């Protein structure tokens, strides 16, 4: 029984069958990658996990509970954090504040009318956020405007924000898309370190095979909205169906 | 029955003014992504184009009429338009009488000019700014424009009648078998309706069948991509702004015989036209037109004495009530696209 | 002090000092001089400055922090005023119950409207709030006339059934709002040479309440709640995916700012016990938007400055008429005098709307941060100059 | 420093001593010692003028839809001030039956004035009135172009202890349920319009008529509808329907279209200002006046006319009956004198708004002069049941019970062949004052109480 169980999920947009009949199981404390060509339905599937979309059919269970029909913040509070394709951070806030917000969410839940105490008096939150920034090697940037960070740093910050919530499942949506090689490698290292140091399950959607094969323990290949195969990286590498799906080669 | 037919007719006519204004607003929003609160002011300036032209046509010199006296007991000075001198009284009168339709020719270049100046001079710098800034700067512009008009033309409404040929009303009822006087409708309002349909049709045809229109439509759908194709979309957008200004202006010109124009008529229409655009769906041209007619008809029905007796005050709030209901049930309006103006 | 950091404490003290010394600061010109025209230190206007300051501070909590642009905030001000006047009519001329009821009623009204309107964002939210406010105005002006007084506004009458208090004074007049024996219109005046300063009780009550409001708003700005609101403005999606529910946050901000508006409305009614429906017209909502933007949305002090500036123009600039202009320029040669008057006249007196529109456009175009940004830029300019001087000094010293 | 005792310090007073300083105190400018004014010691009433001049406050709409009307009011006030101070040709001061005014200001004090913008909003109007009282030391406020504003400012003046001389306000409420002892209205009201119009309508259109009312949905509209309805019904007309229209309505087509279907043959437009211009324009557009209903010509009636509105509606007013407080074409000596001096100064004839404002300014000045004091209570006494003539409306009574003027009312008709842009209305009948007089406790004016005069202080 995996931590994330996806059964018979299907989704249509008008005439387009975005997801066919998806079955997927992500094992706890593993790194599971979902790959596939453009338009394979990877992002649609991910959106079904986090409450942005509700599939037409099937079920998505996280740790034995259905996530369907719940809003994004409820799903997050269940223990799923999401990293976006382009880093989504609070660009108008400082780096420190960015890091504090998930800490508040972790401590106080989805809503807390904390309108009179000052931020400075929240010692536990400050400590935690500082600690997280140190972990992310960003302590020196804590007073910076998050919007003025480099792209790599924004990514790092976003991942840090997700981790500060101690999620059980971390969803990464093409975390290295559009990154320079060096940044990509940094991100891979960061993710590897996370995987090694924390009890966390990571599901990653990726285009870049280099990233996938350096991280993933299991890989699901999605094409035209349906999973083709699911296997270990080694086996996927040589799989004819994958070649066909990606390169159009006939097997 | 007669009452219902009459109010549908009425609603179509009212709606045609809403639709025209909303169409222009949507053109600007859809192409440039700018929320133009000064659009009502453009409508108002269009109306004052008609006022200005009729003032030009009635430019006069004074002739003293010794047989009559003015209020102070002095011999009466009678204004004689130069047109009388040039073309004779009869032709002169006819030209003056047709001032409003003639204003169309006058208003088109003026409005396009104002639109282009506005876009190049101000709006252009706000493409990258948040929508709130666009709303605010155009709101400021609307105040300035209406105050300028007030300075020159005063606060009182200025009568600008339709040509004599269009005075009176047409009896529809007789045409379809009702008694006389049951379903009558003023000629000029019928003209306005036809004119609105013509303009709306022309705008759609222009966007549908010309290359220019195709590029603009593509730009509305995905500005970046079109830009990447190496097409100078900015220039086209400037022209589109001029066009939208002209549509608003023409709506204003033709509206003058219906209600005497005054300097704040733009603001009166502004809130309403935004409601129309939002109900139709931001950025959707057919939505704007549809919502315009729909709200026109609903407003007409709500103003029926029987309806008011049933729900007092409904005529005061119907437009807003409809807007609230539609926005809550259809979040993006009747025909809106996803993700437009939601942040 | 008061749980504020040093910078905020300084700001609060500055505002408090400005409020306390407003009767002096606003009356810089001696009576009877030509410049006395520009004096603004009379009770009504001083009261308006701070009352609209409260209104704008409240609006800023919603708009400045969350970025939700409400175009119907005047409705809450209007509802607050009506509630307060009814309290005067039915209960007592003491302003405390009136203000409390005003805040409660407008808070409830804001809860209702916010609950519905906040289901949408962006311009859809703006239109929803606008629609609600316009409905409130239209109904208050017409069908609700028995409750609101309609066109003539809700006012006190000689036969009000005031439970705790008298219906009319011994002289046969309507009693005026007060606070434990002190009347809001009580003033004393102090003449220094040809200067005259008016200290009005009602003004100081308003100013005190504004200071408290301002203090609360600082606390909100600096609180985790305030940070969440800023986060909503910055990236609502991220906030939701971080496990925070943005809806109750925005709703709380909406209700708080609605209560601020109600407080302002209640105070307005306390200073002048009449509530008119025009208070709720959409242009009145537009006015508070103008105030906030003009001063600087999202800044602490901006809205107060903006409110002051607009009310000053409305009450002082609008009163300058042609005759006064001629008096100003009388020393010039006739032709030039007429020319100058003709050039200035469109912008002042009855043309004050034009000036307001122009200033507003200029601010939005060049100073998106409002007057506060303008002030900062000027300050930076000086600082840079100073820094440059320091730099030139620095060059003489050996580099490290 | 001669500090006063604390009790005096916070004295109950909204009195300002501006008058003292504005005039007398420039002399005291050298005075180094700060002086504290206290209430009990100083004046007997609010803003008592102590120097050589007295300040009046002219509170008129300068922005918004009634700005042109406000501008005309302001012209009239400027003219009145000129005449009061002895300038110009004296205008109606020469024809006024009371000869108390000398042309040397009021009680020998030069008349000065301040202006304010009501914006036709009660809030703004009160704000500007307050600034005149508190800042400029005005001892009387006058002006305005709507009943909402008049009632609001009147209540304010009552509270402050200032005299309010209403400008253009036509609602019954101003001197009905919202009347105040410190407020005075020269203008006529809805009831008088109805009473004056009814006989003329009877003569012109007969007694067997079916009327359809369109009414502006606010207080003035209600009182006007009621007045016209009851006086036309009294002479045999039937009221088919009454429909309320929103203040913000601009296009009245959907209200006018069903009129013919209702079987009505007269349309009564209880609208004012922009509403009236638009509804009348729309009604004429629908060709209502060319129609025959029940074998009679369809007719339109506009209970309250003003020249500025007639100008806005243009040719549409031709042949349409309405009532008005005054018209420049009146041939009595007072009107002629006023038109002459206004017309000479500004180049066009005055409107009824200008007339009523001019008259109010003069009446106030005269009352002060006769009372020998600016004290509102003295003015109140001087104006109560004051009878006068020579102000353009024939013999007039300022009734003590409600501070309403009773005088002849003009019934006018849109002129068929206007000779100029000002010559839009012609007088059909001057309805004698007896016909428009009503008892102070008439049901249309019920509720409210005048109270007692308040001198402030």
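Note that the chains take the letters A, B, C and D in the order they are written out, and that residue 1 is the start of every chain.
In the analysis below, a residue touches a chain if its C-beta (ideal position, glycine included) is under 8 Å from a C-beta of that chain, and two chains touch if they have at least 3 such contacts.
It should be emphasised that the depicted structure is a prediction, and the values quoted were computed from it without experimental measurement.
Each chain gets a centre from the mean of its Cα atoms; the one farthest from the centre of chain B is A.
A comparison of the B-D and A-C interfaces places the larger number of contacting C-beta pairs at B-D. Chain nearest the geometric middle of the protein is C, using mean C-alpha positions.
Centroids of chain B and chain D (each the mean of its C-alpha atoms) stand 36 Å apart. Chain A and chain C have centres, each the mean of its CA atoms, that are 46 Å apart. Each chain gets a centre from the mean of its Cα atoms; for chain A and chain D, those two points are 73 Å apart. One finds 51 Å separating the Cα centroids of chain A and chain B. For chain C, the set of residues that touch two or more other chains comprises 138, 142-143, 353.
Counting partner chains per residue, chain B shows two or more touched chains at residues 316. In chain D, the residues touching two or more other chains are 63, 67, 217, 244, 246, 248.
You'll find the chains touch as A-C, B-C, B-D, C-D. Interface of chain A with chain C (complex): residues 50, 71-74, 76-77, 81-82, 84, 88-93, 97, 100-102, 104-106, 108-122, 125, 161, 165.
Those residues of chain C lying in contact with chain B across their complex are 67, 69, 116, 119-124, 126-128, 130-132, 134-135, 138-139, 142-144, 236, 282-283, 286, 289, 293, 346, 351, 353-354, 356-358, 360-361, 364-365, 368. Put simply, chain B touches chain C in their complex at residues 35, 122, 125, 129, 131-133, 135-137, 139-144, 147-148, 151, 267, 271, 274-275, 278, 282, 312-313, 316-317, 319-321, 323-324, 327-328, 331-332, 341-343. Put simply, chain C touches chain A in their complex at residues 3-5, 219-220, 222-228, 230-231, 233-235, 237-246, 248-249, 252, 256.
Chain B meets chain D in the complex at residues 2-3, 6-7, 9-11, 13-14, 17, 68, 70-72, 76, 78, 150, 154-161, 167-169, 181-182, 184-186, 188-189, 257-260, 262, 264-265, 268-269, 299-300, 303-305, 308, 315-316.
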